[in-house]
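Next up, some structures in structure tokens.
Below are two complexes that have subunit A in common, paired first with subunit B and then with subunit C.
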Partner chain A sequence: MQIHSTEQVVFYLLAVVAVAAALGVVFAQDIIHSALFLVVTLILTAGVYVLLSAEFLSLVQVLVYGGGVSILVMFAVMITRVRDARGPLDGAQKPIAIVAGLAIVTVLVLMISRTEWQQAIPAVNRPDESPVRVQRVITQTDKGQLMSDTDAIGHDLFTTFAVPFEVASLVLLVALVGAIYLARGEEDEVT
Partner chain B sequence: MENLDRIGPVLVMFLAAGLVLVLDLLPPRSNKRVLAEVGLVGVVLSALWTAALLIRETGGSPTDLAFAGTVIVDNFTLFFYFLFPAITGFVILGSLDYLDQMADRAAEYFALLLAITGGAMLLAASNDLILIFIALELQSVSQYVLAGFLRDSRSSEAGLKYLLLGATSVAVMLYGMALLYGLSGSTALPDIAAALRTASDGQKAAYLAAAGALAVGFGFKMAIVPFQMWAPDVYQGAPTPVTAYLSVGSKAAGFAITLRMFYGTLGADSIAGDWANMFALMAALSMTAGNVLALQQSNIKRLFGYSSIAQAGNFLVGVAAIASAGGRFTVSSSAVLFFILAYTFTNLGAFFAILAISNRIRSDRIADYAGMWKRAPLLALVLAFCLVSLTGLPPTAGFWAKLYVFNAALRADMVWLVVIGVINTLVSAYYYLGIVRSMFFTDPRVESPVQPTVSLSLSMAVATLGVLAIGLLPGPLLNVAERAATVFAR
Partner chain C sequence: MLGQWGHMGFLVVVGLSLPAVALVISFLLGLVKIRPKDPNAIKQDTYECGIEAEGSAWVQFHSGYYVFALLFVVFDIETVFLYPWAVALRQEKLFAFVDALLFIAILGVGYVYAWRKRAFEWR
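Entry: the complex of A and B
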């Protein structure tokens, strides 16, 4: 394996640690440790997004997953498993799960490594022989101006993906109604 | 405005959902029937709008796109624009009886039901991976809540199981979508289809992996083996009208998007044969597992859970039955659509009868249905008729549905699948007709008569007449199904 650029060095650092932390999530015997490993994986993934020049995605990843979701996980652990939080996490299905997991990994690795992937977005400044396909994502508007990826996402959200964007708010509304309804308790507790 | 016009029927459902929530805040708060009526008005308006689209011929052509191509309104979409509100209308009528049991929760119930319907319609109209995902999630989230709506231990278990398994299957599906995006560089279905047609051999495996991952997510919605684990528990625990909706609406939505995705997008010859074999295998498994497990059930809602898995297997026979040459998707997709129609009427009719009976006798046990013929002759007749249709005997809708699906499979040279299907029909006859036998030929433990309410009788009558009408004159609806299926002709 030849290293061509600093970006690759950074990528392999991030990737190795992220995968190690992901394994930690699975193999940690303590659910709190699992949750912390998860945070590490999620934040390092944000680093990979930076390498891919997806700054906006990386920021969202840190805010939503590194911040919101991990705190939510911690709260859930704290509230639901106060007494037996330190118990072992393995179930009876462990051997089956290991076999199934390894099988899926093998299939995915074979499939991903053998497939000729398409270059999705016109990339500028990409080193030719780089295994990490570092892209400078620069999208052009109709008028020919260049946009950063944040601009491009905003542009797409309100033009091409207007319907999914609006319906996403409905999903949130429905989730909110459902959460309030289910958490409300019985009728007599409500005046 | 033209864009909005195309998704008008969906918007009506969403507006009705919002209106129901707002109306609940206004006095007088005692009258919950108003909420159901708002829902019904929404259903009718939505259907009228769809009819208007059809008459003005604005929707209906395969190239009728809206919102930068994310939404497509062809005949296939219009078919489901009619179907989903109709199902919801039925379910709302069936829920009126249930209203007494959920005193102050009616608003949430109807709002979620309407939101699901809008989501399902949007799913049928989506032409983009992102819209597919969002529409699917809108449905799923509402359905998780509705499954746990009773908040007793069984219902909560149903909701939680549905949520956990649903989230897992959606994650796998998203992985498949990510693969498709990586392969084609676009989330738009036509782009993906174009990329697949020109794909090199090196990409075939990845496309197949994506197809498999998508089948996990859609298969969960359709409740097919091996993604069926949730169905019996959720069917048993959820409120009965919700079970009725899940068994029909959610399943139809799953098949709508499966047809759109696999026939419309991943239908290129290079991989079609492979995923058709995958679906054929799943169909055989679903039919067999569903029917064999249904044999041992003593709870009628649970039995319908397994029966719906087996029926989904029958649908899947149609999905798998792509012809080897010439118009390979038209026969099979029209058979599937026709089956969906027939099954909708039949299963709704059966569920309304169950709803009417179990609301009165306060039990879901099949043993308590003994001698129902003496206690409620009409209800017993309706249920028996629908069970006969589910078995697939003439002169019912179910007979023609099975005939067309198996015919499509024969044309696709899948004789083994038809043999398995026929054997399974015999197995299913044992438990379907077992209920009929117990209702008609055993003595009731209690003699008290069972009376359905007016709204239930009305919806039951419509559903049963539908089953009978399709059974006697399948022609017109088959035409409708064939017209909707022309979308996949190439």
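Entry: the complex of A and C
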């Protein structure tokens, strides 16, 4: 394991803290501490995405996982009887959990070791024979300028995918109305 | 590649070290007896002013709070879509602008619904 660049230093810093926080999630005695450790892990993962030049993905990670998912977890902890969940959180299912965890680790390690990772991204210099065509689309405008992936996604969102974009807002609307209906009931409307 | 994010990383590092440095300096000054240590009940209060804390923090909160969490998540996801729009807007045509206005308007309906259902009110 050689250190080649600043990026690697930053990556190992992020990775070490993220893994430590992930262990914190599992080993914390207090479920609130577990939840806070989870937020740390999720946000540091966004940092890893930045290192991979996936700027938009990292923003989504912060918004959806760092914001949405952690809020839901926190609220779930708040409104349930957390007092009962103090102390060690393992039980009779521990052996099964260990087997399942090891199985997932095995699958992931196999997957990572067998994937042919792309070296650096010469996306712009290497036009059409590039094996990953999407890469080229995402990093180049029509005039061949470099653009960030967020730019590219924004561009596609309002040209090719304008209709799915609107459908997404409808889906969100349905989710919103459904959530309010379930949580509040039908009865009280302002007249 | 780290260029623009390097500045941000620097800010994060400075932000994290400010409180850490303050605590460490306070601890070191305490070791060499420059910082006085004279605790009393009032000093050790959790809050300097306000109502005194009572009971345990481990209470079950009202489930009505969950609506606010759900509302937050929906508008959080809206941000995910509006962010690439804001970044790409300068190079797009008027269509992109109208498209996003429609997007916001559709979610605006949801907002009005939530308002009329008194989802923002506490009962």
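To be clear about the criterion, the second predicted complex is superposed on the first by the 140 of 191 C-alpha atoms of A that agree within 3 Å, B and C clash if a C-alpha of one lies under 4 Å from a C-alpha of the other, contacts with A are read in each partner's own complex, and residues count from 1 in each chain.
One rule holds in what follows: a residue touches a chain if its C-beta (ideal position, glycine included) is under 8 Å from a C-beta of that chain, and two chains touch if they have at least 3 such contacts.
Just so we're clear, the structure is a prediction, and the values are computed from it rather than from any experiment.
A.B. asks: Output check: A:P164 vs subunit B and subunit C. Expected answer is one of first, second, both, neither. What do you get?
C.D. replies: first
A.B. asks: According to the contact criterion defined above, which of subunit B and subunit C contacts more residues of subunit A?
C.D. replies: Tallying touched residues of subunit A, the top partner is C.
A.B. asks: Answer with first, second, both or neither: which of subunit B and subunit C does A:V177 touch in the superposed model?
C.D. replies: A:V177 contacts both subunit B and subunit C.
A.B. asks: Does the superposition put A:S113 against subunit B (first), subunit C (second), both, or neither?
C.D. replies: Neither: A:S113 stays clear of subunit B and subunit C.
A.B. asks: Check whether A:G67 is in contact with subunit B, with subunit C, with both or with neither, and answer first, second, both or neither.
C.D. replies: The answer is second: A:G67 touches subunit C but not subunit B.
A.B. asks: Which holds for A:Q93: it touches subunit B only (first), subunit C only (second), both, or neither?
C.D. replies: The answer is neither, since A:Q93 touches no partner chain.
A.B. asks: Could you tell me which stretches of subunit A are touched by subunit B in one complex and by subunit C in the other?
C.D. replies: Shared contact residues on subunit A: 162, 168, 170, 173, 175, 177, 181, 190.
A.B. asks: Under the touch definition given earlier, write down the residues of subunit A that touch subunit B in their complex.
C.D. replies: 107-108, 110-112, 114-121, 159-164, 167-168, 170-171, 173-175, 177-178, 181-182, 186-187, 190
A.B. asks: Any idea which subunit B residues touch subunit A in the complex?
C.D. replies: Where subunit B meets subunit A, its residues are 7, 14, 21, 67-71, 103-105, 108, 111-112, 115, 118-119, 122, 128, 130-131, 133-135, 137-138, 141-142, 144-145, 148-149, 151, 159, 181-186, 195, 200, 202-203, 205-206, 209.
A.B. asks: Could you pull out which subunit C residues touch subunit A in their complex?
C.D. replies: Residue positions touching the partner: 1-2, 5-6, 9, 56, 58, 60-67, 69-74, 76-81, 83-89, 91-92, 95-96, 99-100, 102-104, 106-107, 109-110, 113-114, 116-119.
A.B. asks: Subunit C touches which residues of subunit A in the complex?
C.D. replies: 6-7, 10, 50, 53, 56, 59-60, 63-64, 67-68, 71-72, 74-75, 78-83, 86, 141, 148, 150-151, 153-155, 157-158, 162, 165-166, 168-170, 172-173, 175-177, 179-181, 183-184, 188-190
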